[in-house]
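Both of the next two complexes hold subunit A, though its partner changes from subunit B to subunit C.
Now for the complex of A and B:
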């Protein structure tokens, strides 16, 4: 039973997840692009590569905006969280070994203890964001259930993954949870607020263009 | 400084809003919202409302939030949560009472100053979303009475203040007469064809502040500018329709303004010291007419003064020596980056300049713009109490010695006057033009 499930999650389900993630992301961006062409021509008329990149640069640079300097703890947590969130899955030795076994391709990986520490940073980041949602009144007011579910959707694959890595009790089950939850996470990215991953460059770039090219002002 | 926190969700009585509510049914509300979401809601609306992760990083950008003891309901994203989010989620099936509250939030709790845009990591434009709510309100006929009255005036007279054509001409001639007592050869050239500059002002200038036209004429005269003012409708560059959600009327107003300048074959438009009018002419109204940028060159007074001093067209009789500070208006600073030019003019004309903090693009809003002050007396207390943070900012500048505030925008003027009075700051508010008028060599003075 466990083996069948493992085979399913590693085989067909993984393909489905990747397809939904890449296909869904492509679809969302393309559909939004079409809608923008039809209803928001202004975006294309005023977009400016230089000012879009100027704005994106300032908002991807740690402490590059005034608001980041106003909230140093949030800034550090948010940057560490997002960086680890991307690096760990892509540069984890266990993942790379699986890929090498399948397709005989590989790339450099992170030392295991570093990856482990980074995993806990992601989990701690989720905890920080959740605590912020509970403690800080304005954020609590804005928060709906889906915001907690999204945090959980990120935390679960990381906790279960490190659980499996350390071979803690019942780790085979943790492995299955890890694979299933990670696949779910991939699939929901294009269709939830996690799609900010896809749309960030567009919204930021558009606002950067309006502020830079038309309004001759900074937006960071 | 005491302030009262709104304790419930009750809305402020307003004839325009209540009257509309009495006429509306939930079915009509739903239909109008559905039509607007389908027809006018595009990718921006969708992406802004769907990707906001509710992080609250915009909260502290908003003067309403800061001034109301960080009441979460005043955070920019919270205003979307209380208005557009439910409308979209329920596909328009919201109650009439809900719309009344949404109307109050969109019209009187957001100045559309776009400060929060600079605090959102994604660059989500809350002012765009609040304008969308106002657009829905407009289509429902649910607009606060006072600002709707100015919109009616725009429709009927093409100016904001019910100024009749003969009154307009008469006011200009009266100001010319007055000014000729001081400078005998001064003129306010009406309807001159092919002048370098068409000077346009907002409706309240002839109505309440005619001396500003006098001052502008003196400055034009001293600088030797070849200028004119139109004798026909189209002289008013202001635009409350932009803020009531009446995009069609906004476009009509801008069309008349541009066409008046073209009829006079003027080389460019120079606008008086008004922020919202600048936003309308430079950024919003032109777009609705299909002009990417305004169809002829146009500059705000700040830039015009800057050019005059840069090119040595004006000489000073004295420098203004009362210590002063500058309030950066949103629509010409976040809207056009004129902050350094304003400082250039101030450094030319004044001896002691004290920065308020934050400043430039990060300056706090005056609390009056975005049509909020135009919603009138019912909301005045809420507006002034909702900008205590501005009073604190001004008080800090005053503690450093500033006794005068320069506010190169009419709305800012009105808002800051209320704040100075309510919080007993005892500071004087001036336009840049006031200072320039006072300090320049005016030419032939008849003594």
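Now for the complex of A and C:
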């Protein structure tokens, strides 16, 4: 049972997850592009690479926008959360070894204790965002059940991953939960609010173009 | 007369020492015997990122029914496995192309151990299954 599940999650299911993630992402961006061409064609007249990149740059910079300076706690948590969210899976020794086994390529990895600390920062970030959705009235107004499910979808692969790393009770099962939940997370990215990962440069670029080229103002 | 017989107290001490020496001998034999392997503790790894794998060589091969040493201690020629065996050679002699090539060696260990465990549907396959803390 263990061997079949492991083989399935490591083999065919991983390919399905990668295909849905990359294929779904490409589809979502292309569909959105077509929709914008149809319903909002005017933006293509003033879209500007310079103003778009200027806006993207300021919003990628910690405290680079007025909104971030007005909400320092949210800014710090959001930046730490997103940085750890990307660095841990891509630079974890155990992941790099698995990729080395499959494709014979490797790159430097993070020390395991650092990756573990960063994992808990991701989990703590999920807790912070959930609490924020409950406590802050304006955010609660915009919150639906799926927003909590999305936070759980992120927390589960991280908790189960560190569970497997520390070899806490029933860690072989935790390893399987880790693999399955991470594959689910990859597959839901293009089709949920997590798609801000794909649309961020476009929404920011759109705002930057309009504010820069039309209103002659900053949007950060 | 029971003059030459050892006292009960001395008898107890002697038998105690005898049992102790016996176990010491067994331990010494196990420690010095070359084929009693308990871990995969390859000295080619300068820096360990996981605990060494617990591996009872003889017990493993008894349970797995492996008699042919070349199943693991293999020799490849032009990509084809020969009947020769590489017993006595370090894995790193062939499988480590440079000093910074630890991932190369890790890779072949994992492919060999877990690869077989998967195809035989027996033995651990997760990270912690072998690298026990």
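Assorted remarks:
Note that the second predicted complex is superposed on the first by the 220 of 220 C-alpha atoms of A that agree within 3 Å, B and C clash if a C-alpha of one lies under 4 Å from a C-alpha of the other, contacts with A are read in each partner's own complex, and residues count from 1 in each chain.
What we mean here is this: contacts are C-beta pairs under 8 Å (C-beta built on N, C-alpha and C of every residue); 3 or more make two chains touch, one makes a residue touch a chain.
Values in this document were obtained by computation on a predicted structure and should not be read as measured data.
Partners subunit B and subunit C fit side by side in the overlay (superposition on subunit A). In the superposed model, A:208 makes contact with subunit B only, not with subunit C. In the superposition on chain A, A:171 makes contact with subunit C only, while subunit B stays out of contact range. Once the two complexes are laid over each other on the shared chain, residue contacts for A:38 go to subunit B alone; subunit C is not touched. Judged by the touch definition given at the top, the superposed model places A:69 against neither subunit B nor subunit C. Set against each other, subunit B and subunit C differ in how many residues of subunit A they touch, and the higher count belongs to B.
The superposition-derived angle at subunit A (between subunit B and subunit C) is 170°, Cα centres, a multiple of 10. Of the two partner chains, subunit B is the only one that A:196 touches; subunit C does not reach it.
Overlay on chain A (Cα): least separation between subunit B and subunit C is 36 Å.
Those residues of subunit A that touch subunit C in the shared complex are 2-4, 6-7, 93-94, 96-97, 100-101, 104, 106, 112, 164-167, 171-172, 175-176. Across the complex, subunit A is touched by residues 49, 103-104, 106-107, 110-111, 117-118, 121-122, 124-129, 132-133 of subunit C.
Residues 40-44, 46-48, 50-57, 59-61, 65, 70, 72-73, 75, 77-78, 81, 117-119, 121-125, 283, 287, 292-293, 333-337, 361-362 of subunit B touch subunit A in their complex. By the touch criterion given at the top, residues 32-33, 35-36, 38-40, 42-43, 45-46, 55, 59, 65-67, 70-71, 74, 132-133, 136-144, 147, 193, 195-196, 199-200, 202-204, 206-208, 211, 214-220 of subunit A touch subunit B in their complex.
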